[in-house]
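Both complexes shown next keep chain A, but they swap its partner, so chain B is in the first and chain C is in the second.
After this line comes the complex of A and B, so read on.
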């Protein structure tokens, strides 16, 4: 059956939906290139009177904004950007590596895992605020608090169910016969997995890595409670501009928000085809 | 290469993951569980010396703590409202995407964008949009309405949270429902048409029932996310005015990290965990058999 065409009334409905979807992003990007005078103008200014990159510069050089007569940006965001990159990249690599082996192990060697969907779902359900309490207590006794090692450990543990079950769904899609054929040719099981299974799920591996990266890069609460002064991430830095004593630094904050958003939006488009599977822990396959 | 060999390889592959989960998830949870039966706060020395108070924390929460009970009710109400709106909007959009039109791929990407934005950024962006002199009020004025102060009125602040959540997560419903619609087999639809069903009947009586498992999965996943909702509300309202937008996660966070009532907060967290386990179990019951069939 050929699908019906979209008529004009429905196209208008869709256009309205598109406007609702894109307007907040438009506003954020516009604020990021507004000079201080437009930041909180009354009535609100939709398009910057003279677009500028000063907000982005201020992120890395707090004094840059003084030329517009605004002072009091106390902290550069350099440390937060560096911290976010370090914590997300390291924890994503570790989580996906461990998850990959768990996925092969569970998919190929374990039997009684019928109740898995419920188990995974419940693992994701515990409010982070609740796990954060014991983390802070345990980490402060082994001096892992306010350190990247501690933060990375938390991120690995929190995203591990995610990478395991998403990768498992990709391994499940692969017929066992392929590995068995390789073993008949004299390969050991381990070698068959390393040289046959893993290359065949490359695409899934890439999508999983991107999704886990998105999760780690976006994480806010653990970073908030586990960081004092040594470590910082972009989301934590972002929440701090609201309380800055110099009033709210709308433009600078928006600039950091745009920087934080760019890699995710780009990455999200790359893995669009696997997004549904990832967000549902492999329960829905596209 | 016997069976034994295979089992030991399987074990070897799964051990690192289990170790990490044990060390970094199970252990802290066990500590928190023990803690919830004590009256420990950081000012009272080490956890080992804390006094065991049995179910006292739990009793206090259920009997006396109206703020806790309100936060639970509010979180449930928020889930119900957001999920219904997200489901209806997502379903509508997914049905539109089953029609043919130009630029479908590009539009699909555009509609999925909100999902990719960091929750903290979403919170900040909507905080700007709902400022008293912000663009939302400007549009309302154009329509002849006085722009309210969104964050000073409890109903409006709650509405702002709902709108933010709906904007952020409708794309997920849309995506899940679209992949569900694309997977609906054509034969039952053809059969229904031959038997004289009109398009509306086909949709309600043939297509929608086949989407049921997909819909349940979407609802379960979003319910879990709303129970954990923290980032957006933290940026938007910090739970205010008063505690009128305080979600259960935000309340537990405040208990533990603003008031340092750690053992009390742990008890609250465990009640939420048990409650949400039951809730998800109930939600999954109708499709449990189907989920297991899918996993051969």
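After this line comes the complex of A and C, so read on.
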């Protein structure tokens, strides 16, 4: 598509919208590089007087902030960052893989019962808080609490309905005749799905992966109730920057939040090109 | 192995025999019958056409033969082998889907080479065969383009090329020419016929277009609402349809079917009466009082203009459609609408509102259907 020229009124409206949307992010990034004195200064300090990386440093060396005369927290964020990466990446991979094959199965081979997809989604009808407590009790009994295996299992269980449904809609959109032509060309069913179906829903696969990853990456409640000391994730770690002596460490929180944003922004840019619609343009007559 | 429905059973061996095929689909809780006890066969090396309106079950029949759907009942014997439970890839059939189903991410060459690559042919052989077929289909220039950049006709040819690169037992073509513009359609259908004859392939093609079927078919299987109405050579289907439904489906403008009565060598219908040949007279003479239905092809009617002083016995022209060499005229007499096909170059100029008289010519070609059920009464051994 050729770039379109933007009219002045539209440009103003879109500019205002952008400013509105991006302001919290601007504030977050600014806070992350503010020294403690500027964190909750009144009147507000928009741009830090002397930008510093001390907040980022404090994340991994809790005592670094003391040079500003602020009491630190004892725990480094390193474990939380690695915990988040482990839990999110593993659960996203598992969820999308299972979801992909369920989606193909439901879309192409589901016979009779039209309620199967609804049954899958029914797990999402309960508010997470309602199932959190049972999970804690069950996981305590089977020793899955305070372990990454347990957390990943919960994340997969929670996001699988999303990935299945989302991927199913992409498979539904793909004319089944393309796979059938492949089978008549000499492929087995499995090979037709692996080499024809999946590459053609690549865009859907990327966007589903991204969505599921965001869900897992920012999940707070399950991570909180299922973790004691062995495991941690970034959202849980964020809640820990409250000290008795210095109140909330806004700058350190902001720094961790900025770090947490990075993989999502990077991922968004990476898959941007694959999200284009019309992957199957030309496959069928119309 | 014989097939009673096959008019050509003695002349050629049957490649395909489909017996008593039934298929029902569940849609919104109700079972819809797509095929109901359908039996037909395809002689080796023939071009057989399944003709029928939308929803007749044409696509379902082809999908069953390709193994893409499983039949509820019945059997498919292909080349002497029972195909029940055989995977699509093991059936050695090729199919052109009505939506073409090209690989959107592969070039014209990639699409056409795909069945050969699956069979692990050497690259040079693949290259040679694809170029060979592409040359025949005149698509050499689009081999390195993606389907998205091709025109409708080019995509159609690539889809055709993809099945022609190999020589399967049976080619299934599901409305391969629909949605193309008329000149291209006519060109491509001639090409299909030529390729089929030259290579001695066996084609089974589904189409809703009777003129396409008439133009290229060796045998036509007329399908309606999941049942085979008639299996016949195209001309036989036209001249001797099994019933009034079949007669209506074949021919354009549509055949006129008028209530008629017989009395002493003459047939009376829509305000006129005329003598009929003995063959027809014998058939209709003993019919009950309710009479019969007369099938009158539009091309077997002549019109003559009359002066307005004639008081009765005339028809009024209510519509004239120019069709180039011919003109399609609709006249009305005693409430009956009658379609007439006239020669546009010879004879008079007719215009809407004009008064005319009409008479059947070639009365040997008249068709007679029963009043109830519409069965063709002139066909031998019809009950």
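Note that the second predicted complex is superposed on the first by the 227 of 286 C-alpha atoms of A that agree within 3 Å, B and C clash if a C-alpha of one lies under 4 Å from a C-alpha of the other, contacts with A are read in each partner's own complex, and residues count from 1 in each chain.
Convention: a contact is a pair of C-beta atoms (placed from the backbone, for glycine too) under 8 Å apart; a residue touches a chain by one contact, two chains touch by 3 or more.
The model shown is predicted, which means the values in this text are computed figures rather than measured ones.
Participant: Could you tell me if A:22 is touching chain B, chain C, both of them or neither one (first, second, both, neither)?
Facilitator: first
Participant: Taking the superposition on A as described, I'd like to know which of chain B and chain C A:270 touches: first, second, both or neither.
Facilitator: Once the two structures are laid over each other on A, A:270 reaches no partner at all.
Participant: Counting only touches as set out at the top, which of chain B and chain C does A:262 meet: first, second, both, neither?
Facilitator: Neither: A:262 stays clear of chain B and chain C.
Participant: Once chain A of both complexes is superposed, is A:13 in touch with chain B (first), chain C (second), both, or neither?
Facilitator: After superposing on A, A:13 lies in contact with chain B but is clear of chain C.
Participant: Which partner does A:175 reach: the first (chain B), the second (chain C), both, or neither?
Facilitator: Touch partner of A:175: chain C, not chain B.
Participant: By the touch definition at the top of the document, which applies to A:132: first (chain B), second (chain C), both, or neither?
Facilitator: A:132 sits against chain B, while chain C stays out of touch.
Participant: In the three-chain superposition, say which chain, chain B or chain C, touches more residues of chain A.
Facilitator: Of the two chains, more chain A residues are contacted by B.
Participant: So, does A:105 touch the first partner chain B, the second partner chain C, both, or neither?
Facilitator: A:105: touches chain B, not chain C.
Participant: For A:183 in the superposed arrangement: first (chain B), second (chain C), both or neither?
Facilitator: A:183 contacts both chain B and chain C.
Participant: Using the touch definition from the top, say if A:200 reaches chain B (first), chain C (second), both or neither.
Facilitator: Only chain C; A:200 stays clear of chain B.
Participant: Of the residues on chain A, which ones does chain B touch that chain C also touches?
Facilitator: The answer is residues 183, 188-189, 279-280, 283-284, 286 of chain A.
Participant: Which part of chain A faces chain B closely enough to touch in the complex?
Facilitator: 1-6, 10-11, 13-14, 17-18, 20-25, 27-28, 31, 40-44, 46, 98-99, 101-102, 104-106, 108-110, 114, 116-118, 121-135, 137-138, 153-154, 156-158, 160-161, 164, 172, 183, 188-190, 193, 214, 217-218, 220-221, 225, 235, 238-239, 242, 250, 253-254, 257, 260-261, 264-265, 267-269, 272, 275-276, 279-280, 283-284, 286
Participant: Can you list the chain C residues touching chain A in their complex?
Facilitator: For this pair, the touching residues of chain C are 26, 66, 68, 87-89, 93-95, 97-105, 114-115, 118-119, 146-150, 152, 155-156, 162, 178-179.
Participant: Provide the residue numbers of chain B that touch chain A in the complex, in ascending order.
Facilitator: Touching chain A: residues 1, 5-7, 9-14, 16-18, 20-21, 23-25, 27-29, 31-32, 35, 47, 89, 92-93, 96, 98-101, 107-122, 124-129, 131, 133-135, 138, 167, 171-172, 175-176, 179-180, 182, 186, 189-190, 214, 217-218, 220-221, 224, 227-228, 230-231, 234-235, 248-250, 252-253, 256-257, 262, 265-266, 268-270, 272-273, 276-277, 280-281, 284, 291-292, 294-296 of chain B.
Participant: Would you tell me which residues of chain A are touching chain C in their complex?
Facilitator: Residues of chain A touching chain C: 112, 175, 177-178, 180-189, 196, 199-200, 278-286.
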